[in-house]
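After this come two complexes, each holding chain A, first together with chain B and then together with chain C.
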Partner chain A sequence: MSGEFKPKIIAFACNWCAYSAADLAGVSRFQYPPNLRIIRVMCSGRINPNFILKGFQNGADGVLVAG
Partner chain B sequence: MDKCIACGECAEKCPKKVTDTFNAGLAKRKAIYVEYPQAVPLKYAIDAPNCIYLKNGKCGFCAKVCPAQAIDFEQKEKTVRLQVGSVILAPGFSAFDPQKLDTYQYSQYQNVITSLEMERILSATGPYHGHLVRPSDKKEPSKIAWLQCIGSRDINRCDHGYCSSVCCMYAVKEAVIAKEHSPVALDTAIFYMDMRTYGKEFESYYQRAKDEKGVRFIRTRVHTIVENRETKDLSLRYVDENGKALEETFDLVVLSVGMETSKELAAFAGRLEIELNADNFAKTDCFSPVKTSRDGIYVCGAFQEPKDIPYSVMEASAAACWAEADLATSRGTLTKTKTFPVEKNITDEEARIGVFVCNCGTNIGGIVNVPAVAEMARTLPGVTYVEENLFTCSQDSQDKIKDIILKKGLNRVVVAACTPRTHEALFQETLRDAGLNKYLFEMANIRNQCSWVHSKEKDEATAKAKDLVRMAVARTRLITSLGQPTISVEPSALVIGGGIAGMTSALGLADQGYAVHLVEKQERLGGIALGLLNTWKGDNVPEKLAEMTKRVTTHSLINVYTGATVKASTGFIGNFETTLSVKGSDRLLKHGAVIVATGAQEHVPQEYLYGQNNRVLTHLELDRAISSDDPRLPAADAVAFIQCVGSRESKRPYCSKVCCTHSIKSAVRFKKINPEAQVFVIYRDIRTYGQRELLYREAREKGVIFIRYDLERKPEVKNDGDRLAITVKDHILGRDIEIHADLLILAAAIVPRDNEVLAQMFKLSCNSDNFFNEAHAKLRPVEFATAGIFLAGMAHYPKPIEESIAQAAAAASRAAVTLSKDRITVEGVVSYVKEFMCRGCGECERACPFNAISVQETDKAMLAAVVKEALCKGCGMCAVACPTGAASVHHFDDREVLTMVETAFEY
Partner chain C sequence: MQLTKQQIDYCMECGVCTGSCPISQERPGFSPRQMIKRTLVEPDGNILQSDDVWACLSCSRCSDRCPVGIDFPEFIRSYRQKAKVLANLPKESHHGIFQTITTIQSGTLHQNRTAWTAGAGTIKEKGEYFYFVGCAPFHNPVFKYLDLNVIDIPKNILKILNALGIEPVISNDERCCGHDSYWGGNEELFAKLARKNVETIVASGAKTVIFGCPEGYATFKEHYPAIVGDLPFEIRHISEFLVEKLPASEITLKKSVNGTVTFHDPCRLGRRMGMYEQPRQLINMVPDTVFKEMDNNRQNAVCCGTTAWMECSSCSKTMQTKRLMEAKQIGAQTIITACPKCQIHLTCAKSNTDIDVEVKDLYAYLAEQL
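Presenting the complex of A and B:
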C-alpha cells in the first residue's frame, strides 16, 4: 500500500438523473478512481440527513448526494 | 441486433476512421459505431459505405472480436410492407449549410463554426469532453461572437425569408453555458437583428443573460469577417445603429444557423403527395395545425414550421390525438396480453438468494475477476445458489434462471451485471415467469459503474465488484414482495374552459370515444377567439369558430355546461369527483381526467391615453371595430401601433408572443384598404417568428414604417386636436420625430386570469407570472405534475390559435392514455404510513411534490396521513420530512437503504 490517501466515498444517486449519468460515464468509458460506491435511490429527496451520518459512521470519508 | 451487448469491442478494433457527423464533424468515429452514447436501443451498427469488409470482402475484425456473435455481414436492406390507418410525419429539419455564404468563410476559417458544432463542443460527450476550446489550436477562447440569422430572414443570399424561431434562444443559452464552462472571464457577444425570446420564461432568461451574466447584445448584421493568418483570430466588421463602422476581434465565431427542409425530404413529401408551402414546410392551416393536405397524414415538429422542443412535443401528441380519433374503432384490436403464473407467497420463508454474476463477454470478465466475485458471493448469508454466466441477459440464461428458481426454491435473485436502467425489467419478467414477485430482485452494477470505468485497475475493480455484490445481497435479504394494486378508471374527462383550446380538447377526446364534460364560465362558447377576426394565415376566425362550436354542441359525447364554474373537486387520476355550479345549482360529476384550458385575457393599458381618448384602441377593440364596420377605420389617414404595452417590463417581464404578428397583420390590412394611409409600428423587437416573418416583409414592402424604441425611452402620446401626436426617438436619425395619427392601436399584453382558485382546488402550481406550470418545460408541456390533470392554451402562456389547438389536442391525447385503460396499475414502490405512529402534523403533505399524501381524519376521529398510491412516484420525500418515522417508502425504507451503507466497504 502506498501512503497516498484514497478517500472512501459513498454516493446516493437519483435513479432518473445521477445514476443514469454514472451509467453514461461507463458507456463513454470515462475513467475515475474505484473507491466510490453508488447506492441507487428513486430521488435525491429520499436522502435523510441520517443516511449521510450513517455513511461517515461506517467509515466513509465523503458522502455524495447526486440528483 | 438482439445479440449486441453494446460492449464496444468491435469499434475498438475497427481500423476504419470516419468523420463523426453526430459531433458535427469535429471528431472521428469508427465504421462500426453507435451514433451517440444515449442511443436507444444501445446497439452498434455498421456504416456500410465505409466498412472495409463490405466494400472489399477483407477485414472482418469486428466479427472476430465480438463476444456475442452479433455481427452479421449478410444482413440486407429489406422492404417491409405495413398496413396502417394513418401516418405521422416527424422527419425533422436539416441545419442550414453556411458554406453557401461567402461572407462568413465557414469552410476557410477554422474558428468560424456553426451553432451545432458549438453544442457539441459544450457537451460532456462531445469532441473535447465539454472543455471549451476552439478548433484551430485547441486554445481556450477568451472572446466568442454569435452571429444570428445565418440562413434565416435572408431572401437575398439563401432564399429563406422565414425566421428559424429557435436560434435567438439557443444563442443566448450557448453564451451563458460557454461562460459557465470557461475558466477565464469569457467575453461573449451576440450580433442580432431582433432578439426573439418569445417563449415561456425565455425573456427573463435573456434579461438575466444580459444583466447578470454580462452577455453583450449588439444589434447589427456583420458584413465581413477577416482572419488573422497567424493567430487565426477573427475580426468582425459591422455598422452600428448610428451608422458608424466598427471592428472587433474574437477568438471564435459561432454562426447561428437556421432550419430548412432538405431536398430529399421535399422529394419524399412529393412521393407522399402532401403539399408543401413556399418555404418547403408541410402545408397546414391554423385550425388543424398538424393535418397535412392529405387525409390521414399528419405532421409534427420542424417539418411543419421551424420550432423548439416543447412545441414539437405538443404537435407530436396532437398528431397522435387526431390519428387516434381516425382509428378509434380499431383501438386495441392488435394488442396481445402476456399471462404469468400465480405468485408464490414467500412471507414466512428464510431468504434463499440466487446470485448470477455476468461476464458480459469480456466486458466484465476481462477486468473483474468474476470467479472470485462468485466465490465471495457463496459465503454471504442468505445466498443458496451462485452461478457465473457468459451473458446473463441471453434468452437461454433466462430459461435457465427460471428453471433454477423453481428447482432450487430460490425466493430472491441478485444479478451482478450491466445496469438496472436497461436490464432490470427483463430479469423481473423472468422472476414473474418463475412465480416470484418482481420486487424480489436486485442488480449489482458491475459493468457500467465498475469494469467500464476502472478498466486499468483490475484488482480494485474486482474489490469494488465484490462490495457491490455484497451490498446488493444485504439489501436483497430485506426486500419483500410488493403488491401492485389496480384502480378503476372513469372513462370521461372534465374540460375547464370553453374557448378554442377547451373545445379542441373536448373534440379530441370525444372523437376518440370518451365522454366529455365541457365547462364554460360565460353563457357562450368561444372565449377570447370570439373577438378575433383572422389568423395570420388568413383563416376566418368567426366562421371556423362557429363550425367548431357546432361540432361541440352537437357531439353526442360532449356535455356542455355554460354559465358554469367548478365549485369543488376531490379524487385523483381515474377517479375525480367534481361539483359544478351551473347557473346557481350544483351538479356532481365523476370523471377520470381533467384538462385545464381557462385561457388568458387582454391587459387593460394604463398609459398612452388609453381610456382617455377613444382613438386609442387595443388589439381586441380594433378587431371589433373592423367587424362592426367602424367608419373611423377606412377614414384614417395615419395609424400607429405601439408594441409591448404592458409586456417586457419589470412588472410583467414576459413577452406576450402574439402581439407583433397581430399588429403587423392589422397594419397590412390598413395598407390594403388604403395604400395611401401612413401606418407606423413602434416596436422594441419584431418577433414574427417562423413563417410569420413573411408577413413582416409584406408590411415593409407595402410601406408600413417601423420605428424602434427602447424601454428607457418609451414613446409619448398627446392629444392633438381630433388626432393624436406621438413622439418617439428614431434610432437611425438619432432624433425625436413626431407622428400625427388618427388611430393608435396598443399591443396590450396578454395577462393570466385569476388562476389561484383552480390552483388551490387541484393543487396546481403557477409560475411567477401567474401562468400555470407544466410538469416539464420541454418534455411534458401539457401535463401537470399531478397525474391525471392536463393543461392547454393560454392558461399555460400566451400563444396564437394554432399553438393553442396543438396543445389542446396534445392534452386530449395525453388524457386518453389514462382514459383508454379499464384499470391503472400502480407501481409497488410507493409510500406508506404506519398510522399508529402518525401524529397528523402534515409535514409529509407539504413535502410531497405530487399531491400524493395528505392528512385526513381516521375512523377513530384522529388525524393521520393517507397515501394516494395512484399519484405517488416513490420519491420518498415524505419519509424524510416525517418527524416520527411513520411515513416510509416500500422497497427503499431506511433499513433497505442503510444496509447498503453498512456493507459498502469491506474489501
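Presenting the complex of A and C:
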C-alpha cells in the first residue's frame, strides 16, 4: 500500500443543486475519486450539526455539505 | 437497581413520590407510585415499552421525601438500558448532538478544550489541584443562539481560583464525566469515560479535584466508585471549596449591583449532594446582597425541567416558566444558578416569555465583584 493519505469524505448533497451537479458529472462521464461518498438529501436544510458529528464518529475524515 | 425485599414490603403506597413529582403535575398518567407497583407485579412489563421510562428527570424530589428510602430515579434508570434494547428510545434534544459528542469522547481523540483559558487565567500541566471543567467548551457553540456564553462559567471560576493564588491543572485529555450516558441508560459508555477521566487526573499528579458543575461532582462521587473503586484523589465542589478559602483570603468583594437576588438549587448539588448552604453563603459574601428565598427552596426546589439532554417537552417548558414566575413573585431581579444546565434551561424558557428576571451564574456573580 502506498503511504498516500486518502481521506474518506462524506458529502451531503442537496437534491436540487449539488446532487444534480454530481449526477451531471456522472452523465458526462467525468471521474471523481472514490473516497468521496455522496448522500443525497432533499434539501441541505435537512442537515443538522449532529449529522456532521456522526459522520466523524463513524470514521469520516471530512464532511462536505453542499447545497 | 432492584428494589430490596424490605423496601417492597415497606412501600406503604403513600403516594408521596407522585405528589412530589413535578412531572406528574404536568403529564397525565405519570405516577412513580403506580410504576413501582406495576413493576413489582410484572418486572419486565409495560414499563419497558412506555415512554414514561424516559420522562423521569431524576430530580430526586420523590426519593428525598420517601419514608422508606426508595430511590425512584435509580430504579427507573435501571430499566433504561433494557428499554433501549427493545427500541424504546428517548427523544434526544438538540438533534442528539450531545449524545454524539459524548460517544466521540470515549474513543481516541485529540481535543482542544483548553483554548478558552488563553486570556482568562493561568493554568498548569501538573499540580496539586485539578479543575474538572466539564462540557462547557462544547455547550458554548451550541447555545450561542440564546445569547449565552456558557464558557464564561469556567472562565469566572478560573479567575476566582487565580485570585486565590491557585493555578489549577486543566487538561485537554479530560472527557465528558458520563453523567448523561449514565442516566440515559448507556452504562458501557459511562464506564469507558469514567476510566479515562480517572486515568487523566491521576497522570496530572493532582491530589484534589475541583468541580464547577454539580453533575460532574455528583457523578464522580456517587457513581465512579462502582467502576474504578475508591477514587485516588479528593473531590471538592467549587462552592464548598470557596466557602472554605474565600474568607481566609485577602480578597474583598465589591458591593452587589444586582438588586434582589434569589437562588435556584440544582438537583444534583442540593438533593443528591446535600449542599444547600454553601452557595447561599457565597452569595451572601458579596456585600449589600439582598437575598430572598423562593417558595420552593432547598429540599423543595423544583428541577429546571430537563435532564441528560432528552425529553424536552411542553412539560419542561411549563416547569421552567413556573420557576421564573416564582422568582418574579418574590420580587427578585436576578435568579442565581450554580449549574450550567439550569442556566441554559431557564434562559431558554425566558427567551419565550416576557418574564423580566435575569438568569445569572453564581460564579459570574462572585467574579464580577472581585
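Observations
Heads up, the rule we're going with is that the second predicted complex is superposed on the first by the 67 of 67 C-alpha atoms of A that agree within 3 Å, B and C clash if a C-alpha of one lies under 4 Å from a C-alpha of the other, contacts with A are read in each partner's own complex, and residues count from 1 in each chain.
Everything that follows uses one rule, which is that a residue touches a chain if its C-beta (ideal position, glycine included) is under 8 Å from a C-beta of that chain, and two chains touch if they have at least 3 such contacts.
It should be emphasised that the depicted structure is a prediction, and the values quoted were computed from it without experimental measurement.
Look at A:Asp23: by the touch rule set out above, it reaches chain B but stays clear of chain C.
Once the two complexes are laid over each other on the shared chain, residue contacts for A:Asn48 go to chain B and to chain C alike.
In the overlay built on the shared chain, the residue A:Asn58 is in contact with chain B alone; chain C does not reach it. Comparing chain C and chain B on the residues of chain A they touch gives the larger count to B. Residues common to the contacts of chain A with chain B and with chain C across the two structures: 48, 50-51, 54.
Those residues of chain C lying in contact with chain A across their complex are 94-97, 100-101, 103-104, 142. The touching residues of chain A, counted against chain C in their complex, run 48-51, 53-54, 56-57. Note for the complex: chain B touches chain A at residues 6, 8, 37-38, 42, 125, 419-422, 445, 447-450, 452-457, 460-461, 463-464, 467-468, 471, 829, 847, 849, 873-877, 879-880, 889, 892, 894, 897-898, 900-902, 904-905. Listed in rising order, the residues of chain A touching chain B in the complex are 8, 10, 15, 19-20, 22-35, 37-43, 45-48, 50-51, 54-55, 58-60.
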